[in-house]
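Take a look at the structures listed below.
What follows is a pair of complexes built around chain A, which joins chain B in one and chain C in the other.
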Partner chain A sequence: MADEPSKEKSLEIDYTIPKKSWMEPSTEFRKGTYCYPAASRHEKYLELPHPREWQPTDEDWKLPEDWREVILRGMEDRLNRYRSYRLFLDICVRCGACADKCHFFIGSGDPKNMPVLRAELLRSIYRKYFTLSGKVFGKLAGARELTEEVVKEWFSYFYQCTECRRCSVFCPYGIDTCEITMMARELLNLVGLNINWILEPAANCYRTGNHLGIPPHAFKSTVDFAVDELQEITGVKVEVPINRKGAEILFISPSADYFASPHWYTFLGYLLLFHEIGLDYTWSTYASEGGNFGLFHSAELAKRLNAKIYSEAKRLGVKWILGGECGHMWRVIHQYMDTFNGPADFLEEPVSPITGTRFDHARSTKMVHICEFTADLMMNNKLRLDPSRNRKWKVTYHDSCNTARGMGLFEEPRYILRNVCQEFYEMPENTIKEKTFCCGSGSGLGADENMETRLRGGFPRANAVRYVHEKFGVNLLTCICAIDRATLPPLLEYWVPGVEVAGVHELVGNALVLRGEKERTTNLRGEPLDSTISPSPSSGERAG
Partner chain B sequence: MFKTKRFWVSNFGFRASNLQGFKIMGLWYSVSAILLLTFLVVIGIEGMGLVSFFTIFIPYAALFLFVVGFLYRVLKWATSPVPFHIPTVSGQQRSLSWIKADNIDSPYTTGGVVKRLALDILLFRPLLKNEKVEMQAPQRLLFKPSVLLWFGAMAFHWSFLVILLRHLRFFLEPVPSTIVILQRVDSIFQGLIPVIYITDIIILVALGYLFVRRIIYPQVRYISLSSDYFVLLLILGIVLSGVLMRLIYKVDLVQVKEWAMAMLRLRPVAPKEVNLLFYIHLFFISLLVAYFPLSKLMHMPGIFLSPTRNLTNTSRNQRHINPWDYPVKTHTYEEYEEEFRDSMKEVGLPIEKG
Partner chain C sequence: MVLKDLLSKNEAAILKRWFDLILETYPADTASLMKKDKDPFTNPVGSTISREIEILFGKLCEGIQDEKCQSSLDSILKIRSVQDFPPSKAVGFIFLLKRAIGEMLRDEIAKAPAIEEWLKFQSRIDDLALQAFDVYMDCREKICDIRVKQARIEKEMAFRMMERMTPSKEKR
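Coming up: the complex of A and B.
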């Protein structure tokens, strides 16, 4: 193995503990490990505080003069507004149960990537300025001074947390380091420290309705393109209504679905499904994004971006909303949207127009997940399916962090997969469902410049994929998250070559037998249906 | 392609080399503090005869600080809003009728939440799920169940509780029969005189384990603060002084009970002629009680209030209200159409105006 020529850089994981105490801030910014700061024009467009140009590698970060007061005031404010924040800062016993649960720790060995220490980076400041024991006992009680170095360290480590909440599952008190990271990022924003990979999509979304900045006419042409492509593959011409008033259902998916690959095939899958069941629905260009990069920045920005969904549903006069495959989109919709921008009293309780099923669990929010919707169709035998069209795929399923730990959507996608493919294998149980491992690039960290961090963070996930790849020959990793679809392919290419990534509704689209379709010779990717070209498991060996 | 620099049995595994460069300032501070505090009682009692100070003033003061501090912190949490509905879901949601929902790990009823909390609080269930990750070979992660911490934590907390309850016999007259039974059960396995309680042994072993793990596991050592060692040592001090009083340096229990009852009646009298160990025991307990609200020991009330565990996973079913919600600036459809109207018209998308 050591003699193998390695074309790519090798990643070392070193678990030795550094000599110096964690209380001394680490502020090293090595190329490949950090995200670029936000361009000030995005901050200006969104009217965020203290926009400026700077670089993490600069000595001087050009913080505002009163940065310390701003941060401490920001902390105090949030301590009073969030029980989670105050409680989680107070009650950690440093038992360490969360430590080796974080993918960034497993993949980097850096002890500050243990959730407990990540939180201590902030907790130590809380102790110093807001608790009696910290004021009296100082360092002995784990309190430290707020310095510029500490702020730099925050920027480093709170942008090495994907807010995946895996740590929270294992903590005896449910301490959720994601909450701590969210607060820390809000504090960083107060002094103008943001990353571009979050703010550019957010600014785009604010203006054009979607993260990718696709204007309405481009949306239309992309849809037209999809219609042509589908006609070529299936012989059926599908209808795709856009901004249509009076439709029964508004459909919202992450914008990557209609612009990126392999998302595109999931998009095709949605279109085929809706056509086949004759759904009375519409897309919207104004609310052409389900995802919400605001969530990775602050509750306020999340709310500002999320507002479009209900307001568009109201304008178009639909009855309820259906949502596509996306992870953090569903964290927002399931746990925040109704609180942010509800009540949605102008909508009706969702009922499937095809099966008559009442989606009672979404009675208040009035938004249903497409996997819930499709699973219900399948259960009621409303779809004709030919799983053999997915015969080239040996499939496994990655629970995205947000639909898992933010929602509990475990069985619906699995039920669908079992109906549309012939071979389905679970990854080891320590790595799925509530214990699922993050792709390593969530919460706005899916940039190019931090690839090393992403590959490290994604290592535990890739490792589980590798297990089923070698054991069962799995060659397709399915998921219901747009970030996953964007970030898992490079991850797998590095760690487990030979496994591809697809959305669940791509496989639905393949298997779905349409009325009046021609005989299909290719899947939605345009590849022949047989497995001849599918990579063999042994090709994965190279990675070792 | 893949290297781990230092091969690692488990990140939480023990290797002798872990102890190399053994330098834990925090531990030495705590040890010194405990020694200093012991010294303080000895001087106070033996040298200066401050018996009333240590047996009346300090315990009352500690209790006062405990009650005030405890209430203050709990009220502070309880009055902080929970703006968003953020349970950490760990089981199948309730959605379609034919999919079996998990009412404990994804509770959809209050009963479910109660069960979830009860399992967490009484059985430390999350620690039972604990697993350690091992790097078996390059690029091979192995997950192994790791219940030692769960075992140690359960042993420590439950024996602590039993010991606490046994102590009620000093404060209640007549002693309730449940306490008597508890005491009998706790000493059931032996006919020894003096009786050795099972819980005394368990708590000593458990404390020893909790303490040692903070030293030998490099990651745990790295995160440990002085205060973490301090509480363990303080409790160890309490237990040891208690056990010694019981087994070797006998204390006049009649005296102790009289003192305790008098304290309760608010007519305090200092105990006479009791062993020095009793003063140490009592002083350490007072410290623990006073320190409780200032410290991580507040996890005890905190666990009940944890919003990731005490909420139902029903946020799409029932609207959760944010009490401090405020209006935010948004980009309206009108503004959007204003900017894109022409191109929308061009491709035939419906528009509101024009």
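Coming up: the complex of A and C.
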């Protein structure tokens, strides 16, 4: 029988965390914190390697026999292919500038979520197999053997990074930690380690053109449904062209906009705007998704899913492309589409048919962001707006990571918001624009099963929202990203109850005064407008 | 009253020690960053804990367990409920106050006729810990509720469209 502890001994509870070196891989997969692996049928559909059923909590992950060789070969291939990858692995001096900038680190307190340490999980393997110092000095040079435990650790931590690039803003060398995560995920994918929340939408997209797997006739039904709803609210029957050859502009938005809530109201806003200005445009049931979950898997898959955009623009014979409110869609368009599937030399340099403004910055991609387009309309006094219809909202704006850090789109959404609502308040300076905090659920992590990880990752964002909620009474968080619109509501329900989420064009749709409309009694959500305050329509720019 | 005076005289030191002990429940590298950064937006965990334990300490000294107490516990436990703590460690930070006071005022409490008061004060800390456990459970239940609600929201648009289609079917 074991010795009984003395009374004094049993009262000594050690609350401190035992010290353990990061070099020893250790991963605990606790329910509620990890994403489910991809179902093998999706892997098969996309013809990805080593499809099988497995769970992170299993002891045996059923890796292929030659998994180590596959990963090392994949690493070598990428080191040769991407100069940036080798540079980012070599150049870090571990200064720690990025350490406390990651929302997952801030929220979880787990040091392996410091961007520098997360990257070391990969760098240590690079050193061991691809650098002389690592080969000779091993651990002393920060090198580690590639073991199954290391692979499990990669799976845990590289799926706790939303590729938001906040850490990169603070790196004195400009290391893009997002690219480290991208490479690590590509290596994991080579041995069949995928998550379902990425691969199911990707497989859907490959089959139907959109993440939600909506076929053309269902797309048409949702449009009809929207037309009915808008007629009830405004008295105006809007025209919504679909697959119309010869239209001037092809419009592409994330599929969630026409099949999820609260995205739906942003969709209604687009339809009202295009109808009111008489835009010569079309939707496509094939390029029916701007988002690209392939980006969260591999460059190859991103390219495959992106191809439909130019292909459909060509088939329909449009002049240029307009894109809706989405985050990572714009990362792909702005940074990769041109080299993935361009040059789009069959398209014309985008010019607004309403204002004549030439969108020089989109000269190469031929694709313009809807906020740029709408802000230009407002700047040129082309819209009649009644901001009082949004008077129930005290509004703040969340810069979505990809549009903010990926393409520098800061002012246009704010300009629109100041024109369409009466009260707008900024969150603290170090939580917006290029320093914006991620929603905590981007890059394919917006599943339900990892809700705890999402809630802690989104805490820094929610904390800033709480500040403006308590200080100014803010009750609406606006954003221009479909993933944000899906993932911010549960985040705020937990951390800041009483704040709702909307797309910018939902508020545009509310404020827009249509020709021939009836007196509006509700907003686009069907909520009654307060009739005691008489609306005062204004034209064009209202506030700076 | 002797204990109350002792506590109020040493409030800053006690709060600092309590804060440091709570941070020791995090890995050392994390704790040092949480201690260093005073910005409530870039270090929301450290600043929330620091802000709210001050309120809790004040309420304990006054012998009041009210809504403010509940709100402070809620702010801290919302965080600790989604971090990788087992329930005992998530709420256990309350008991660290006993250790902080014990370490700092053990001799004074023993010397002064304050033992009775100290025992009463410890009971208040125990009560607060029980309240903390209730708050912790509320947070965990909220997480479950949110997950269930999410599953419903994902189908919301489909349901709305079905509802719209049903009356027209009946007409036929």
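To be clear about the criterion, the second predicted complex is superposed on the first by the 511 of 544 C-alpha atoms of A that agree within 3 Å, B and C clash if a C-alpha of one lies under 4 Å from a C-alpha of the other, contacts with A are read in each partner's own complex, and residues count from 1 in each chain.
Keep this in mind: contacts are C-beta pairs under 8 Å (C-beta built on N, C-alpha and C of every residue); 3 or more make two chains touch, one makes a residue touch a chain.
Keep in mind that what you see is a predicted model, and the values were worked out from it rather than measured.
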Chain C versus chain B on the shared chain A, clash or fit after superposition
clash
Touching partner for A:Pro111 - first (chain B), second (chain C), both, neither:
both
Which of chain B and chain C A:Leu132 touches, first, second, both or neither:
first
Is A:Pro460 touching anything from chain B or chain C once the two structures are fitted on A? First, second, both or neither.
both
First, second, both or neither for A:Phe225, with chain B first and chain C second:
second
May I ask you to decide whether A:Gly406 touches chain B, chain C, both, or neither, giving the answer as first, second, both or neither?
first
Using the superposition described at the top, determine whether chain B or chain C touches more residues of chain A.
B
I'd like to know which partner A:Phe346 touches here: chain B for first, chain C for second, both or neither.
neither
Quick one: classify A:Gly32 as touching chain B (first), chain C (second), both or neither.
second
Touching A:Pro428 in the superposition: chain B (first), chain C (second), both, neither?
both
In the superposed arrangement, which partner chain does A:His361 touch: chain B (first), chain C (second), both, or neither?
first
To test your reading of the overlay: chain C has the stretches 40-48, 58-66, 94-102 or 112-120, and exactly one clashes with chain B. Name it.
40-48
Based on the A-chain superposition described above, do chain B and chain C contact any of the same residues on chain A, and if so which?
13, 15-17, 19, 99-100, 105-106, 109, 111, 114, 221, 428, 430-431, 459-460, 463-464, 495
Residues of chain A that touch chain B when the two form their complex
1, 4, 6, 8, 10-17, 19, 21-22, 47, 79-84, 86-87, 90-97, 99-100, 105-106, 109, 111, 114, 116-117, 120, 131-133, 137, 139-142, 165, 168-176, 179, 206-209, 215-217, 220-221, 242-245, 285-286, 299-300, 303-304, 307-308, 311-312, 315, 333-336, 338-340, 342-343, 357, 359-365, 367, 372, 375-376, 379, 404-412, 415, 428, 430-431, 434, 459-460, 463-464, 466, 495, 543-544
Chain A partner, complex, touching residues on chain C are 21, 24-30, 33-34, 37, 39-45, 48, 78-79, 82-84, 89, 92, 96, 142-143, 146-147, 149-151, 153-154, 156-158, 160-161, 164
Going by the contact rule at the top, pick out the chain A residues touching chain C in the complex.
13, 15-17, 19, 28, 30, 32-33, 99-101, 105-111, 114, 221-222, 225, 228, 259-261, 264, 428, 430-431, 448, 451-452, 455-456, 459-460, 463-464, 467, 489-490, 493-495
What residues on chain B touch chain A, complex-wise?
1-6, 8, 11-12, 21, 25-26, 29, 73, 76-77, 80-86, 88-96, 98-102, 105-106, 120, 124, 126-127, 129-133, 135, 138-141, 143, 149, 153, 217-228, 294-296, 298-299, 302-303, 305-309, 313-322, 324-325, 328-333, 336-337, 339-340, 343-344, 346-350
